[in-house]
Amino acid sequence: MENYSVCQLQKGMRYEGFLLVRSAEKRKDSKGADYVDMNLADRTGEINCKVWNWDPEAEAPAVGGPLKVRGTIQEYNGRLQLRVEKWRECTPEDPVNMNDLVACAPRDPQEMLAELRKTAEGFQSENLKRLTLGMLEAAGNNLAWFPAAQRMHHAERSGLLHHTTDMLRLAEGLLTVYPWLNRDLLLAGVIIHDLAKIDELKSDPAGNVADYTRDGQLLGHLVRGITNLNKVAEETGVTGECVILLEHMLLSHHGESEFGSPKPPMFPEAEALHWIDIMDARMNTMKSVTDKTPPGAFSERIFSLDRRVYHPLYGEEDS
Amino acid sequence: MENYSVCQLQKGMRYEGFLLVRSAEKRKDSKGADYVDMNLADRTGEINCKVWNWDPEAEAPAVGGPLKVRGTIQEYNGRLQLRVEKWRECTPEDPVNMNDLVACAPRDPQEMLAELRKTAEGFQSENLKRLTLGMLEAAGNNLAWFPAAQRMHHAERSGLLHHTTDMLRLAEGLLTVYPWLNRDLLLAGVIIHDLAKIDELKSDPAGNVADYTRDGQLLGHLVRGITNLNKVAEETGVTGECVILLEHMLLSHHGESEFGSPKPPMFPEAEALHWIDIMDARMNTMKSVTDKTPPGAFSERIFSLDRRVYHPLYGEEDS
Amino acid sequence: MENYSVCQLQKGMRYEGFLLVRSAEKRKDSKGADYVDMNLADRTGEINCKVWNWDPEAEAPAVGGPLKVRGTIQEYNGRLQLRVEKWRECTPEDPVNMNDLVACAPRDPQEMLAELRKTAEGFQSENLKRLTLGMLEAAGNNLAWFPAAQRMHHAERSGLLHHTTDMLRLAEGLLTVYPWLNRDLLLAGVIIHDLAKIDELKSDPAGNVADYTRDGQLLGHLVRGITNLNKVAEETGVTGECVILLEHMLLSHHGESEFGSPKPPMFPEAEALHWIDIMDARMNTMKSVTDKTPPGAFSERIFSLDRRVYHPLYGEEDS
Amino acid sequence: MENYSVCQLQKGMRYEGFLLVRSAEKRKDSKGADYVDMNLADRTGEINCKVWNWDPEAEAPAVGGPLKVRGTIQEYNGRLQLRVEKWRECTPEDPVNMNDLVACAPRDPQEMLAELRKTAEGFQSENLKRLTLGMLEAAGNNLAWFPAAQRMHHAERSGLLHHTTDMLRLAEGLLTVYPWLNRDLLLAGVIIHDLAKIDELKSDPAGNVADYTRDGQLLGHLVRGITNLNKVAEETGVTGECVILLEHMLLSHHGESEFGSPKPPMFPEAEALHWIDIMDARMNTMKSVTDKTPPGAFSERIFSLDRRVYHPLYGEEDS
Amino acid sequence: MENYSVCQLQKGMRYEGFLLVRSAEKRKDSKGADYVDMNLADRTGEINCKVWNWDPEAEAPAVGGPLKVRGTIQEYNGRLQLRVEKWRECTPEDPVNMNDLVACAPRDPQEMLAELRKTAEGFQSENLKRLTLGMLEAAGNNLAWFPAAQRMHHAERSGLLHHTTDMLRLAEGLLTVYPWLNRDLLLAGVIIHDLAKIDELKSDPAGNVADYTRDGQLLGHLVRGITNLNKVAEETGVTGECVILLEHMLLSHHGESEFGSPKPPMFPEAEALHWIDIMDARMNTMKSVTDKTPPGAFSERIFSLDRRVYHPLYGEEDS
Amino acid sequence: MENYSVCQLQKGMRYEGFLLVRSAEKRKDSKGADYVDMNLADRTGEINCKVWNWDPEAEAPAVGGPLKVRGTIQEYNGRLQLRVEKWRECTPEDPVNMNDLVACAPRDPQEMLAELRKTAEGFQSENLKRLTLGMLEAAGNNLAWFPAAQRMHHAERSGLLHHTTDMLRLAEGLLTVYPWLNRDLLLAGVIIHDLAKIDELKSDPAGNVADYTRDGQLLGHLVRGITNLNKVAEETGVTGECVILLEHMLLSHHGESEFGSPKPPMFPEAEALHWIDIMDARMNTMKSVTDKTPPGAFSERIFSLDRRVYHPLYGEEDS
């Protein structure tokens, strides 16, 4: 049996492969028997599936994880449907490539996590080291796969780490040009600036964001980041100016009140953090738009940029 | 010796009375002897004073408190100066009327404080009662005399209590018209909404605000109010929705991002708090402007209102 | 025959009940006979109706009034249709509850009207009394059922009176906190501020607004209110400052040029009127949104508020 | 005795000539005798004057009119002062050139007034003729000398007529290009659009505007123009669409809410009126700025234009 | 055979007439034979056409030109289709009225072009004459039929000339009122101000604009106009102030940065050009909206004007 | 004779040293003899100087260059004045440190210039190499000392090179993080983006900017940069997409219309250029503000940042 992507499936095909659970619900059929109605997806599309005669004691599969499934493609009311004959949850041994199933950051999450921790452990300031490591600790395991956004930039599995590690590298470039900046403070700000997105967004482990949380709606990640920092400071016993400097960097990193920061950046490291953040978001958006636009053509109007984007030929025409 | 206001003083007069210390500095004269250079003020003006032959061991008088002084009015370099012969700090027995010395709220601070506490003690919600009383406790003794602002509305001794108690009465009026509002939540929001101004402003005990604090500049009273609330919640062991509701009311009470609230009010009590706050501020400003403008005339352009204000004749012309 | 709401009707049912005329048109069938095509509605929905063999001399029923109808539910082109067998206009004896047919203010219109008149009659200022009563007189009978808006706040039968009487109660609360306000002037402003909405909107007697009038489009209720006031002043012979004060209150009650007021409020009673108006509109919107949102959930984005709204649990979770 | 301009006067000179009264106040000298303190001016400057031994029964000269004065130039506290020996009010026989004393429109006021009347009398629409002539009648004699503004464009004696007649000529040009416009309506709009500036501004007969009136502050000339029009319509018995069309043209001629028009122009003649108005104002400002700027140079930043203005060489350099 | 408009066509009709090519593509049918799929249109609508058995060597007809076609109206998939039996390109002898096929300017293009050239040839300034004629020369033949926009004002065949010649007439009216303006400079500015729209828009010869060009997207007609002018200046050897004056007029004619002009008009002729431009655009829009709206009614909201438009009765009701 | 800074000078001192000519004018004294009135300055201040008995044939010294002067400090009308006894222009042998006389970039201008040329020479794209080197050539010798602005960031001698070379290093950092960017295009954009400031500003060789030029006022450096680029493209015979890409990068590098860019950046390298530009400007401003603010204190409000800036203690307090 060949490997098909979801977008290649046709009526009557046999299918076996790995798919991601987008939604799953236990229901009863007309005779009162249990079945499960699921939407499974890979990166190319989504298909509705039925698993008949479900064990009444068993839960429906968890949303966000990959399954191994086998079955037949049928058509119902004009739409394709996978009738599942066999399925199981994946094991570490399964040759699943998450990047086939969902947009993923280009680097390994554990490697990126390790980079953040190593950077913090190298700080000369004992206080900033304790605060930053404490914040990473508090963020917990979800940090490994959390996306940076619902749409827009870095809306991908482990997008939060992708965004943060790219910003670390931008910050290193900046420190070369402006060596008078306080290195520990800038890097600490980069590492913690978006961690409270984990409190702000409802995401499944595949990086799909369903909505904002109550915290996200009523407070947002800037302010929740500050209360999280206060807890870590209390637990680690850190006091002094460095706490309020980081509080301010969290609060001001969106730069202006119309983008959610009630205070603009008021010292050099806060200013630098803001520009590194916006630059990485914008370059990521630009790349994903030009990737989808043929050379020599313009994209449609991109909502988050409020403009159309041109994909240059870069001298191909000159030769 | 008659009682003179500062604006009535003339060269050669003898003066005895109560004045407020606006600034005070110990210096050395040309012979190396200590003296104190002070600016003393009542509500009508300010005068420079010299106290010669100061005890080298003694500190200069504290800024913000009232003194009893006696001396002679002299002229130096074209400006009046009070040469102090005798002075002492005031005692509770002195017949000082603070309202002669500085703008004061029209009610007694302790009475207003008691009203806030009594309101909170009457809450049916045990959680809101504990949080509100905890916040009042944490605000400390300065709440008694703290002003609500440096300029604009309620920039007076005990102005913060004045503003808060008037808002409580507006809230009571609102609860009559909209009985479906949650009474405890609205009143708790009113009581705590501006308490962190004590962290935000540098004020002397007379209610004169010199500047913003580092906290006020880098975070502001909205966000500092939230971290204060989190501390009180941790100490009192209160958890649950009421904490985030109050956090949101603190964050959103300025209504819009351009006025410092990164989130607009998102439930009815937060919306009501915002309008009560702005209405009380505006009515207070309107009153102080019309008090200074003759009936039938227009004021100059008022910066905080961005308009001129008219003091109507209210039918006086019709008779 | 049971009582059904429109949303409960199904093919084949017999129906008898009271319904509101949303639209009604006399037409000719394929044989040249007259019939009437109507849309009838209650608060839960709308249904198309046919009354065959209409008397060629008779007009179609008036839009906005309730009818008593009897007939059968049929299906035509996949949509339900009521074939009317018998109908008549309602009489005062009919047990019609208007609130079942359309959104209505919670109080009786005549009672609210009487409250406005009584308030005006209690004014100490003879001039303001004459102007206010004259404006109420000029507004005519439509005031009893006129809505306050097409959408948004108080878009209901008698919504204009509902909005105005709630504002009167808010004003009374305000006068307790700020006793230095001119009572008669503030209350007169409240009563007349929106009366020219009757000139601005095309509404049927059920409170459904079809569109703006030519007056509403080209001038708006602020300016038309002013010319109406001038007519009343001329008729009642009132001159003097009180006329221009009320003109200004009409003109400025939207507060800012971007909301339609070319002048901001320039004296205390005009300022108070503006805030009472916006507060009542907002609280009414907040209530209707939270009424439709389950506790613990967020609404969709509300266009007029430019935000989502949260319906709190108010401590239900804490018990 | 030579003719001097005020800017040429020096200590010790004898002066005789015509000057305009800017302010005049009767006072008492140290011996209790009456004298008059005046500021007199021509177009080049202003000088303080004293007339000693004033007849206690006589009023001070009226502000805004020209006087014939004779006296000596003295110096007092470092500033020049004219000690008046003889003075009288001017008579029609005096060879006074108002344009030497104050900025004046370039055409004769009576000639311009006649042009307005003649234009209105030529209207084919009887209704528009009656309304326009009625409005000119109601404007009264002050229209002859009224300025169009306090600063900015046409801030000159008879500036209102200057502005209006130039707009009439612009409108004639427009009617050539767009013959489908309604001629009477457009010209009627031009003639009446700013007449209520007479109610809005406090001006002396020399065209110097001291301030806004209470009407101007609280309502403005757009809205007062509408109530004036309603009075004229009532007096002349004109009803129908043309009244509301003119009301709308008055209301919308500033084009946008941020410039004071709560409604934008909504039919072609209202649109045309708006652009003619702004164009004439701007060209007048441009001319007065370039007149004061040497060819080849830039002016300072002009507040009302929010830019610097360049006076071109227009080819002088090319030769 | 009668003459039908496209909107009158029905299934089974025989058709012969002139139609415009909106799109045309050579394809292969199921047997591999060539055919052409075209959309043909007149001013009233568009119809899909098939020409079977196309000569494999021949190109599809050019987009934008008129064809003479004969055939039968069929229905395919519920939509009308013209099966073309005979067709040919039009010749100058054909009695084609372009205005039946597409919106056209009301005057003859060659006549308008001649007017522009004659105006430029009459300039007293040799430099401005050479620059203006050079720019007209550089614009090339497309100027004859180029539209002024994709939508909004003057979106019609030869709309660019229509807009420019109407502006010339407005400018002549202006020069009467403000004779101190430099005539040659203002008229030169009018003639060249929009010529680079030819570089900015992709239009077919019928005046239908498909999109913006790469130049239009990345630079826009203001800046491309300036580089075009620099080329002409270099070719004609014109230097001096007049070049930068025209550069500035090109750059500033949209008036404000939010409408695309990085510099506001800074001398009188630039200011005049801006207002003439906006006035002609607005009056053209107003006319086309009122033409489509019945007298006494309001249009829908017009996007480019951000308002609804009223078509007055102009006194028809008064009689 | 000691070396004094201008701010240390006092009445009666003898002075000898190097100073910069800020202004210099030849005048005649009361006896008709020539003298020169100059303002000389170093980095700490400015002093007025008189050189009596000037050779009538000689010009006044050139503005912007350093002089060696000797003389005595006198006082005239309460202000210090240097009576020059001897002076001469500086020679290359003089031990003048320009950085004592005026703010200078921290690197040697020739070294920075060489870096720009070397970068361009390393381009793989022959076209971009020719355009960039051509633009550097066209900029001429003034590039060596030209400042980047009149105030704000890099307002210093050679500030334009300082800004450009720092941006080059930022760009190199970016290319590491985003290797998919076109290196030659980005670096070419950086090198040429501000070169037309040389056309925009009137600066003396010391880097003091007196005003904007006519070009700067009427067109600005964005648009003048584009016409300069077109000239270089024509001279070097370069055509193709790379020209319009650079045109767009010049036009869009301010990012938004409100900052002078009529088009926002529409491809990745243009976007990157914009952020590098703003980041370098902001970091340079932040540094100069914190350099002038004591640690632990806030600056005054900085106009170009619209905020106060805090100079952190960076852990000094924690020890």
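Letters A, B, C, D, E and F mark the chains in the order given here, with residues in each chain numbered from 1 onward.
Everything below uses one rule, namely that a residue touches a chain if its C-beta (ideal position, glycine included) is under 8 Å from a C-beta of that chain, and two chains touch if they have at least 3 such contacts.
None of the values given here were measured: they were computed from a predicted structure.
Undergrad: What chains do subunit D and subunit E have as common neighbours?
TA: The shared contacts of subunit D and subunit E, listed by label, come to C, F.
Undergrad: Tell me which chain's centre, taken as the mean of its C-alpha atoms, is farthest from subunit C.
TA: It is F.
Undergrad: In terms of contact pairs by residue number, which of E-F, D-E or A-E shares over half with A-B?
TA: Repeated interface of A-B: E-F.
Undergrad: Averaged over CA atoms, how far is the centre of subunit B from the centre of subunit C? Could you give it in whole Å?
TA: Whole-Å distance between the two chain centres: 44.
Undergrad: Between subunit A and subunit C, tell me the centre distance in angstrom, where each centre is the average of that chain's C-alpha atoms.
TA: Distance between chain centres, rounded to whole Å: 48 Å.
Undergrad: Quick one: report the Å distance separating subunit B from subunit E, using the average Cα coordinate of each chain.
TA: Those two chain centres are 66 Å apart.
Undergrad: Name the residues of subunit C that each touch 2 or more other chains.
TA: Within subunit C, the residues that touch at least two other chains are 214, 217-218, 245, 266, 298, 308, 310.
Undergrad: Which word fits how the chains touch one another: line, ring, star, complete or other?
TA: other
Undergrad: Looking at the whole structure, which two-chain pairs count as touching?
TA: A-B, A-C, A-E, A-F, B-C, B-D, B-F, C-D, C-E, D-E, D-F, E-F
Undergrad: Under the stated contact criterion, what part of subunit D meets subunit C in this complex?
TA: 214-215, 217-220, 222-223, 226-227, 230-231, 244-245, 247-248, 251, 257-258, 260-263, 266
Undergrad: Quick check on the complex: what are the subunit C residues that touch subunit A?
TA: 298, 308, 310
Undergrad: Quick one: in the complex, what on subunit C touches subunit E?
TA: Of all residues in subunit C, those touching subunit E are 214, 217-218.
Undergrad: Quick check: in the complex, which residue numbers of subunit E touch subunit D?
TA: Where subunit E meets subunit D, its residues are 125, 127, 166, 169-170, 172-174, 176-178, 180, 182, 185, 240-242, 245, 264, 266-269, 271-272, 275, 278-280, 282-283, 286-287, 290, 298, 305-315, 317-318.
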